Amino acid sequence: MTNPTQTQPQPQTQPDETQQTLTQPSRRLLSMQGALNLALDHALAADERTLIFGEDVGTLGGVFRVTDGLQQKYGPQRVFDTPLAEAAIMGMAVGLAMQGWKPIPELQFDGFSYPAVDQIVNQVARMRNRSRGAFSMPITLRLPSFGGIRAPEHHGESLEALFAHVPGLKVVSPSTPAEGYRLLRQAVADPDPVIFMEPKSRYWYKGAVDSADAEPALPVGTSRIVRRGSHVTLIAWGAMVARCLKAAQLGAEDGVEIEVIDLRWLKPIDAEGIAESVSRTKRAVVVHEAPLTAGLGAEVSALVSERCFGDLRAPVGRVTGYDIPYPSQAFEDAYLPSVDRILNAVQRVLEYRRG
Amino acid sequence: MTNPTQTQPQPQTQPDETQQTLTQPSRRLLSMQGALNLALDHALAADERTLIFGEDVGTLGGVFRVTDGLQQKYGPQRVFDTPLAEAAIMGMAVGLAMQGWKPIPELQFDGFSYPAVDQIVNQVARMRNRSRGAFSMPITLRLPSFGGIRAPEHHGESLEALFAHVPGLKVVSPSTPAEGYRLLRQAVADPDPVIFMEPKSRYWYKGAVDSADAEPALPVGTSRIVRRGSHVTLIAWGAMVARCLKAAQLGAEDGVEIEVIDLRWLKPIDAEGIAESVSRTKRAVVVHEAPLTAGLGAEVSALVSERCFGDLRAPVGRVTGYDIPYPSQAFEDAYLPSVDRILNAVQRVLEYRRG
Amino acid sequence: MATSDAAARDASSPSAASDIPAETLATLYRCMLLARRLDLDCVAMQRQGILPGYAPMQGQEAAQVGSGLALDAGRDFAFPTYRELGVAVAMGVDLVGYTASHQGSWHGGLYDPAASHFAPINAVVGGPVPHAVGWAMGAQLNRTDACAIAYFGDGASSQGDVHEAMNFAGIYRLPVIFFCQNNGWAISLPSERQVAGGSVAARAAGYGMPGVRIDGNDVLAVYRATRDAVETARSGGGPTVIEAMTYRVGPHSTSDDPGRYRSLAEEQSWLERDPLTRFAARLRTEFGFAEVFFDEAGAAADVVVQATRTAVTTLVVPPGGEMFDFVFSAPPAALLEQREAWQRETQTSQREG
Amino acid sequence: MATSDAAARDASSPSAASDIPAETLATLYRCMLLARRLDLDCVAMQRQGILPGYAPMQGQEAAQVGSGLALDAGRDFAFPTYRELGVAVAMGVDLVGYTASHQGSWHGGLYDPAASHFAPINAVVGGPVPHAVGWAMGAQLNRTDACAIAYFGDGASSQGDVHEAMNFAGIYRLPVIFFCQNNGWAISLPSERQVAGGSVAARAAGYGMPGVRIDGNDVLAVYRATRDAVETARSGGGPTVIEAMTYRVGPHSTSDDPGRYRSLAEEQSWLERDPLTRFAARLRTEFGFAEVFFDEAGAAADVVVQATRTAVTTLVVPPGGEMFDFVFSAPPAALLEQREAWQRETQTSQREG
């Protein structure tokens, strides 16, 4: 019997585009916020059935300004503010999709998507299945996500494990402006519902973005090796990718060659891509902001064990948030996986001896 | 550095009480539904601050009759029907707990707890932490759960992974009437919120229940070995425990000695107990009804790998529902882990050769 | 069922209501009768083990057929719950496909919801109501004059989703009708312990929209109120709440036991207000419909009921592999793998078992 | 703050309102003034980097203090949002502990919410409203005459939770007050595009409860309306909706830029209706309060503001390990392990870094 999860799309890698130069005219230096704004702008221009709506996305341009200027440019029919009700926002998206529209709703913060969980799980994710394909749900839910911005309670949540467990949803999170542009265009173009988790703490980091890159090259569900290494593989997404790269730099100074994978798609997960890397490095550590227990790191750990059992020299490490509510500002740095904690975990898997 | 998850409560085991005889006067043969009803009856009698409420729990006694007769016995102030609104039911529980009451709300079906997810995650699970302990939340949410009863959409969901990931919640599911009685008393007595997942498909199965067993013997977070075996460990909860026992019986006929663990507590998980078993059997398969990806099986797999890395002869197997919405009645048997699928997985881990 | 046929022409000799042609009167009756008989037969099929469960709508035929026939099934769109057989009949939904949901073949049913303009059966109380609002917004953006109708119960009126949907509809002045069948009960809870203030229609004022409470067992009252609301919606007048007062005569579902929470006397008193009997009497006395019309309607209904039963009984459940096929437009590789593993294991167990 | 002190006795020479003693008038003013000055200083502390963020309540002092002082802080219980500094002042909440939430020391604040009868600060819009309903039910079960008050905004009125809570309160006739501060805006959305029908108070009728809309910048109107609602609640009359029409004069939070969505002229027009200035003028002209009262009130407020600032600036953030300590009554072993690992890694990185 073949294990049902043993075949997955082939991994495709590409160099980290932030290291490329800005030669083509379509390339510019943008923040993640700017790149996402550009992606929405182009998406609205490309398909007149796309609609943007949510709390404060119109006149204000979003509390993070990701929809800045779009209502002025595309009019209040295609970019509009809603009353303050997350369930209705997602429920309305379902009805609009049944009418052939392509909704791109925003829920203002991770922690405020919980009131919409019923509509997302019971309706958005299932309407296509329930209607035997009569109604596609090409909905892209933009969700400012994860912590690290010194915000009040409910503004630092990581919901990827919840959404990745829901059949019918795809989940993705970009780590750089270029990825933000490319993945958001891809999510909007996708005929199925995509939860697009924007790492809030990366909104203002800049990188090169190629807006001619409208046709996404990597299929849904492919990861990206953002740094090559031979001793251990770090697997991360969102803001933790930059932190892993930092750890890899420091590791290199000590002679530890760390490979870093930006998982990008959190459902479907690129199990094949991860396995290819770990079969070379023989060791893996997964890093996320969400609490440990039943976090997506457990799935990554299980997948790696299933596919690389014979190769693994140590159990897959998990560096994660703790099993506590995301804490207030004063404790944020203590809570989030730090470069130190990542390096400690790397050291543990390197020094691991079978007991 | 010690791995933060390496110390857990010591496992305590006890014989499967369904195999004991009914000698003591406090012992009787009850269905799971009857055992839960008895537990609620005793909980209401034991503490006058306990309250039962939810949709149809009063006059009707619940759609599964778990609260049958309790309103007549304890009055409409302590056992009452609510309007049809799950978020308000859980929100009201929070306010009642802040007044010193001990709410035992019911949400009618697993799939209808989604509208209450915001109150459960953002309020029930956090009020204690937010108030620095000023307000405990001794709330037991009774949630008829899992599939197997030929019901319509939304009546066969498994939400344990969602709830186990939420800091501040405990999650438990009984597999037998005796366990139902004992664990429900324990959940109600617990000072923290407990999600009590009742396996619907087991409501009418009978077993011996000792109602004198009011003081639960096993601490929160301990699992139970329900069958001893030396070749492989099956880990399951709820209705899947019986199915694993069936598989173990069939396995024994073929000379395969299967150990079966009833995990009971899905948060906190008895990692130590599982590890003790797997360190003996060297092989493990986790079985659940929920979809594969990011299911609780991933957490169990990760924990086993972390603790038994040197002992494991094969990657931890996962026999689960598929990554599709829980299907309609005609497909239910095809979807749920069958004895055949469990035995296939056992065979795979037994025949596994390091590639 | 919504179109005229030979029997309808026969019935055209009777007189019309001032605002409703005789042919429509005939269609209303025929749909109600068919809904009644099919509903009773679904209960029978459940008892006979053909359907695993069913939610009877007996007593609500006027509310459902009267509203459903006031729509233009080619233009408007209905969002049902799990108890809208009468609306399905009125809108011409494939009834075998409809019943397939209760038969366990497929959540949502096997009819084509896009072609039928009748959304898949939805079991989340309150959940589909915001969909109607979104659909109505889409219709408005398309500059059509189509409208959406959301069906929901007295129990559903307590849900947050319904409030949010009404507020959105009021803010955007959307062409949507909130059609509440207040059938007295939400399983075991009577509506007076469900609806604070006592009236769902009265809530409409709080959203700045008209709300009407009507006798939901008077099919003409229902038809007129819905027709007016449709008119309002088409002409840019925005949303309306209609609360049709009716009664669930049967159990909540075939596994329910109403004897535990209500009296036979109450049920009896509502049986006396039976919408079908009432309408038949009016058709005879007020509009001069002849016995032959009723005979033919009964015979026609029986044909459909019998054909539906035969088809449902012999319904070929979709092959098991289909449970994987509609989750995504293009299933990801991991899901295809699961499908293949399922196929292999199914074959294995067939071999072994 | 709610108790009388020396200055209040000084102020007792002025005349009282027909139904409000002069001492209460004085307390109302003092609380409003303190709320105003502390609020402004919180904005200043945010600019100075002492607070990471803050949600100013300038302009809403009358609504908050007027309602908060109408409660019995030893008996009743308030459920605030994130913008209820004025209520905290009126109820005598420890203001350093209150500000600690905005300072980032602890979600919900460092005051004792059980002793203060003022729930932890709650950032989920609409989320705490059902808690007030549950608390009120608990009070009713306890056979006390205590009542609960839920604070929420015009934006929150759109949330399903608020509807569900009002319906529950109506069904059970609970002693709870739904106090809506309609401050014109929910971040960038004006209330006329938020509240279909235009009035939150008008929704009360739909739940069979009284709803009153009052001038939220008239502290005596607020005080009277709340006092009446409390009276109704205590005497078994059930819930009330109060909609206090007011205005958020400042930004939504210190990271908001109102220039993007509203005009200076609008802000200006509301500054002219400033509740503090209005009340001061009435105290002078109508009730004969002397200058010395205002001077003393100002001086007293400044003392509290200064003391609060000093304490907040030097606030000792709880030790990091505390983030593990309040999640459960007794932390499970796995969590204790995480705490220990955290401790070790913290020490490691201090050693390394």
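Going by the order they are written in, the chains are A, B, C and D; count residues from 1 in each one.
As a convention for this text, a contact is a pair of C-beta atoms (placed from the backbone, for glycine too) under 8 Å apart; a residue touches a chain by one contact, two chains touch by 3 or more.
Keep in mind that this is a model prediction, so the values were computed, not measured.
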Taking each chain's centre as the mean of its C-alpha atoms, which one ends up farthest from the centre of chain A?
C
Comparing A-D with A-C, the busier interface by C-beta pairs is A-C
Which integer distance in Å separates the CA centroid of chain A from that of chain C?
41
Separation of chain B from chain C, taking each centre as the mean of its C-alpha atoms, in whole Å
37
CA centroid of chain C to CA centroid of chain D, Å
46
Among the residues of chain A, which ones contact at least 2 other chains?
1, 3-5, 83, 85, 87-88, 111, 115, 118, 122, 126, 129-130, 153-154, 167-168, 268-269, 292-293, 322-325, 344
Specify, in ascending order, the residues of chain D that touch 2 or more different other chains.
106-108, 124, 158-161, 164, 167-168, 171, 193-196, 327, 334-335, 338, 342, 345, 348
Chain A - residues contacting chain D, complex
55-56, 58-61, 63, 81, 83-85, 87-88, 111-112, 115, 150-155, 292-293, 322-325, 327-331, 334-335, 338, 340-341, 344
Contacts from chain A onto chain B in the complex sit at residues 1, 3-5, 87, 111, 114-115, 117-118, 121-122, 125-126, 129-130, 153-154, 161-162, 164-165, 167-168, 267-269, 290-299, 301-302, 305-306, 309-310, 312, 314-316, 318, 322-325, 344-345, 347-348, 352, 354-355
Going by the contact rule set out above, which residues of chain D touch chain B in the complex?
77, 106-108, 110, 112-115, 119-120, 122, 124, 127-139, 141-142, 148, 160-161, 164-165, 167-168, 171, 325-330, 332-338, 340-342, 344-345, 348
For chain D, which residues count as touching chain A in their complex?
52-53, 82, 101-108, 123-126, 155-156, 158-161, 186-189, 193-196, 255-256, 260-261, 317-318, 320, 323-324, 327, 334-335, 338-339, 342, 345-346, 348-349, 352-353
So in the complex, which bits of chain B are touching chain D?
1-9, 51, 77, 82-83, 85, 87-88, 90-101, 103, 115, 118-119, 122-123, 126-136, 167-168, 170, 191-192, 220-221, 268-269, 271
